[in-house]
Structure formats: structure tokens, C-alpha cells
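Each structure below appears as C-alpha cells.
Both complexes below contain chain A, partnered by chain B and then by chain C.
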Partner chain A sequence: MPHNKNYFLAGDAGSLEGAAGALPAGRYLYCVIEIGDSLIQPTMRGIDETYVYAIQYRDIAVLTHDCKSEPYNSDDERQVIDWVLCHEKVIEAAMSSYANILPFAFNTIVKGKPGEVAADSLIHWLEMNYSRLKSKLKIVCGKKEYIVKVFLDCCIAATELMNTDFELKALQEEVNVSAKGKAFLMQGKLQTLLKQKLADHADKLFHDIYASITPTIAKYQVEKVKPPEKDELMLLNLSCLAEKNECEKLGEALEKINYSGVTVSFSGPWPPYSFM
Partner chain B sequence: MHIDIDEGNLQAGVLGLVLALVEIIQDALKTQALRRIEGGGLDDDEIERLGNALMELEQTVTKIKVEQNLQSAVEQIRTGLDDIINEVVDIFNPKE
Partner chain C sequence: MQPTREQKVTLNDLLDRVLDKGLVLNADLLITVAGVPLLGVSLSAVLAGVETMNKYGLFTQWDKEIRREESRRQGALTSQAPTANQELKTI
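== the complex of A and B ==
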């Protein structure tokens, strides 16, 4: 799943938290949709087979279901995965039913304010954020999110550097011909130099690949890379918002990436989670 | 900022921390030795003796880590220290 986190509307609108101690009912949010002249109510079921419906404000609406005001939480990992998949399924169904959507992350829940039911709080939030949501809907209109991840196999890259880099080859030769004590010190120097050259190589690859793919798409976000796993280093993590023809160009640019030890993962189309 | 030490096994935690610090000192000594070699401050015999001494130290530390099953504990402590250093570097050299 692209995202799995709590999303606090209070941070955006500043006023959707419930009263301390009180537990007013909540509304679970799936996505904001743009509607035409009339609202067609959704027909899908949500998390735990709940009834999903739309709450409308002017020409936008939020797909929601009635829930408790606490986030969905369980120690059973399978249960959490089921909830997240259900969340995603509703959003995907909305993508095919409505022209334009803005997805919420899993577990985005609106609590009613004191003296106000959750649905009214939600309408109030839509009213307060109407302009912002409309401009975001305009940005994502006709586009889908694609995720590009580029990885480097450090073992392959290091072997290639050891075979091609003059400085590293000379140092390896010095290690080979030195007595035991000096060879130990030189080996340390070789490892340090190799790490440095590998980092420079990865940096250059990042810049080359970034420069080759970003001109194909108008809107993208560079995301944080994950820490290295074993010998695999993530060079680039890009969320792209692309139309169909942009997606094809992006795919063509990705196919041209051909560096030793580099692999590319390209996934999508996703709802535009990164551009909400 | 803190370093995680397994509280359920204080002895192993402390030993892991000591070994991590010895490894860091060892790295510093290696760097210093290479600087002196490159600066021409050591003759061949001195280089050999220094190299052998540092190699024996490394072998001893590795042996203790294996015997006490502390490889991953030491690695975790060193990663934690690296993270702290990275945080400090980021504070003083913000990227944006």
C-alpha cells in the first residue's frame, strides 16, 4: 500500500478534534470526489462491510462511513491488512465511478466537535477547505499516481569498480604484494576508498537517472529513500502524477535506463495519495 | 537522542557498548596509521609492527564478539551512534 498512517484533519482545518472525555461518533473518510450537476451515491461497501455514502458540499463530496471516533487498531496484522485493502478497494471503485478523486490515507476519521455531530463537522471542514480541495482536484484531474523506485546492487557495482577504477586496482595490487601487517592497513584503506567511490557512483547514477526521467512528467515528488537492505541501495523514490501520454513517455524513459547493477520498479496507476 | 541497550541483559549491553567503542577507536587508529604512512613518518619495520598490532586487536575484538554472541548488538550500537552523528550533521548543515 502506498500509505498507512493517521491523518489528522485538525492539523489542516484546526477544529475537528472531539471534546476531551467525550466520545462522539465519527466519520471514516475515503476520498474527496468532484461531482457534476447531481450526486450519484456510491454503491460500494467499506471497511467491515459498512455502508459507504457521500456527504456533499457544493460540487464536491466526501465518501465516508459511520464509525466510532477512535482509529481502527488491532494487534492482528492480518486484520489490519484487510482493513487497508478494503480502504484501497473503495478508493479504486471511486476512481472508476467518479471523474476526479483525492484519496485520504487509511484511518482518517473525523470526530464531532462538542455540540456538533460528526457529519456537520465534516461539512464544516469541507466548507473551510473548499478552495484548497478544488485547486488540488484541478491538479490531479485526468491524472494518476505512478511510483518509480530505482535500486543499485552494491555488490555488482563494487565488483565493477574494482575491475575498472585505476586507483582501486593499484591499491589492490599494493595489498597483494605487501607483508601481512602493511597489507592489513592497506586493505582498510582500500575498503574506505571503495566505499567513497561507490557513494560517488551512486550519487552520479541518481543525478543521471533523475535528469533522464523527470522531463517526461510535469508533476512529481522526490520521496525519502528507504535505508539500504543487505547489498541493495535505493537510489531514487519518485511519486509521479501523470496523464496517460506522460505515463507512456515515463515508461519509455525508464526502459532506457541501463546501468550495471541498477534495477527499476515502476508501479501504478495508484490514486494520487502523494498529492492529497 | 539515545542509544538502545538491551535492558534485559545489562552485562551484554555494556560489553557491546565497550566493544563498539573499541572498534571506533580502532578505526581512528587505522586512519591515523595510514596518515603517518602517507606522510613518510614511518619506516617499513614500524609500518609492519603497527599493522600487525592493529590486526591482532581486530581479531581479538572479533573473537570476543563471536564468543559472546554480540555481533548484532555491536552493529546496532554503531548504527545508533552513526544516526546520532548524522542528526547532528543535519542540524548544522541543513539540506534546504
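== the complex of A and C ==
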């Protein structure tokens, strides 16, 4: 591999590929870190107590551990979740040690290519993507990810609409006084109208809430809402990249959300997964 | 309102991100499956399934499309969420 030696393999990286005939080893990736003048070696343990080390190129590095060229895979969901939590733990330890990081997804593993070991492939990738990675590091500098989810309890909202909406109230009264057959048909009409009013109500809530919280943060991303669970509808799913003071403002804006049947979930701080 | 990190509340938030987002590597460097929605179906089945299928030359185009779509999606600053109105129609 024709790299100039503008990089550094901490520990004895690459040795796994040394044995003739051995399967090419992989490198499990946790995150890219930005380093100062000199690299402070990580001290955390990774998935399955593996040794986490840094592969450096200029002033950035990747935290990694040596692994087989195959994904972590188990039938035991608890085991998989433990791996995921361990992945996250390493990244969060890196966040506090190095401040500025770009996280990889779980199970991101680099393989060696023919004639090239995995560590070299990784260094080559760092070299080729150096400017892009530096720009991303600049964007996330001093910021963390927060997640805002807003839910609507459709039962509560429907009850409220039935009590306050003129059209629905009138139709309900008509159902009440109609003969059995006609009442049945009117009931269907009422349900359709209620569904439409509920959808309009949810749309209005989405726009009102969106407009009240997004001015507090400079960078955010609207995520897909999850399918409804029972009677709970997700109105808004927002990933926010925020500094500490922006987070406080966001929290204040969320505190003010006060609509019947609406609940807010606010989690973080997370590594900036959504802004890669 | 303060953000929470209580695990029983935030595990889904974490899984959504750790499994589906993060820095994207060139697909030719990777051995793993990026961008496949792992939750909601068996985590291991999807991993094993796609890897095995790819090994035998199956679903490689699908896999490429998934990766491309993931790269495109993550490259976009914001994405359009389905409106609450659309979701409500599925209740």
C-alpha cells in the first residue's frame, strides 16, 4: 500500500493478518476522533472486553478493535443489546476523553481487501475522506444530539373533539334522535368525520409544536414518525444537534407544550449519530 | 424540561440510532450490513440473512440499493417525515 507514513497504528495492529493462510482480520469501528498535537491512547475496553486502540492519520484517528471478518451475530437478543450498549459505552467514553467525535453504527467492520490488510484499508479511507471528516467534526464540535418525540393520545383528543367541535356535536345529536337503521348509517358518517377532524387536529398540532420548538435550535432533522401504537400517535420525531445553551432553550420550549392528550419525550445527550 | 438518559425510557432511541445511523463507510470496505432496519424483525436473522444471501450472490442489488438509500438519506440535512395525517389513517 503506497501510503506515506503519515499515520500511526497504536499497539500491534495488523499483526493478525501476518499469519500466512489466516483469514483476513477485520477492524470493528467505534468512532472517528479528533486529536490535538499528540494522541492520548484510549483506555476503555470494547465489545467482549476487547482492547480498543486508535489508528491515526494526521490529526484524526479511528477507535477500533481487532475482530474476525464477520459481523457480531447472535440469536440471543439480550446479547445483541449488550453489544450495542457496549458500542455506545465506548463512544461515550470517547466523547468525554476527546470531546469531538463522529460515531459509527453498530457492527461497522472493515475487511481487508485482496493485497491490503484491514488497517491499511482504514488508513486509506481516512486519507481519502480526511477533508470530509474534518468538516463533519467542525459541524459537531461542542454539540450533542438530543431526541424529541411528541405523542398524541387519540382517545383523549377524540373525546375532546366530540365535546367541542360543532359539526361533530350536531351529527352526534342526529345519531341520537334517528331511528335504528338511519342511526347506524349516521354513526358511520360520524366516525369518518371524526377521523378526518382528528387527522386535521394532529396536523395542526404538528405544525404548532414544530414552529414553537425549532427556532430554539440551529441544526435539526425531522425523522420519520413510527407507526401508531394502540391509540398513541407519534406527531413529531426530531433529532437535534445542540450546544448546552441551545439544549436548555429547547427544554424550555418543550416545557411550554401544553395540549390535551399530548406528551413529550426528550432524551439525550447522545453522540451525533443523525448528523453524519 | 431536562433531557433524560434513563435506559428503560431511551433504549429505543439508542437502538434507532446505533443500528441505523452513524458515519457511512464505502460499501466495498465493509463486511457488515449498513442501513438495514434491524429492529422490528430478528436482529440476527437479518444480519445472517443478508450476509448469507450476498455470499451466494443473491440480493446484492437490493443490498446496494439499501446502502445507497442510506447514504443519500444521511447526506440530506433534513428529511421529510410522513405527516401525522398520513399515519393517522392507519389507526
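Convention: the second predicted complex is superposed on the first by the 253 of 276 C-alpha atoms of A that agree within 3 Å, B and C clash if a C-alpha of one lies under 4 Å from a C-alpha of the other, contacts with A are read in each partner's own complex, and residues count from 1 in each chain.
Keep this in mind: a residue touches a chain if its C-beta (ideal position, glycine included) is under 8 Å from a C-beta of that chain, and two chains touch if they have at least 3 such contacts.
Computed from a predicted model, the values in this text were never measured in an experiment.
Asker: Should A:K180 be classified as contacting the first partner (chain B), the second (chain C), both, or neither?
Answerer: first
Asker: May I ask you to decide whether A:D200 touches chain B, chain C, both, or neither, giving the answer as first, second, both or neither?
Answerer: second
Asker: Tell me the contact category for A:L235 with respect to chain B and chain C: first, second, both or neither.
Answerer: second
Asker: Taking the superposition as given, does A:A105 touch the first partner, chain B, the second, chain C, both, or neither?
Answerer: The second partner, chain C, only.
Asker: In the overlay, work out which of chain B or chain C sits against more residues of chain A.
Answerer: C
Asker: Scan A:W125 for contacts with chain B and chain C and give back first, second, both or neither.
Answerer: In the superposition, A:W125 touches chain C alone.
Asker: Which partner does A:K189 contact after superposing on A: first (chain B), second (chain C), both, neither?
Answerer: A:K189 contacts chain B only, not chain C.
Asker: Would you tell me the residues on chain A in contact with chain B in one complex that are also in contact with chain C in the other?
Answerer: Chain A residues touching both partners: none found.
Asker: For chain A, which residues count as touching chain C in their complex?
Answerer: 26, 29, 31-32, 69-71, 73-75, 77, 80-81, 84-85, 87-88, 102-111, 113, 121-122, 125, 136, 145-147, 149, 152, 154, 195, 198-200, 202-203, 205-206, 220-225, 227-228, 231, 233-237, 247, 251-252, 254-255, 264-271, 273-274, 276
Asker: Going by the contact rule set out above, which residues of chain A touch chain B in the complex?
Answerer: 179-185, 188-189
Asker: Give the list of chain B residues in touch with chain A in this complex.
Answerer: Chain B residues touching chain A: 30, 33-34, 37, 44, 47-55, 58.
Asker: Mind listing the chain C positions that touch chain A in their complex?
Answerer: Contacts found on chain C: 1-5, 9-11, 13-15, 17-26, 28-34, 42-44, 47-48, 51, 74, 77-85, 87-91.
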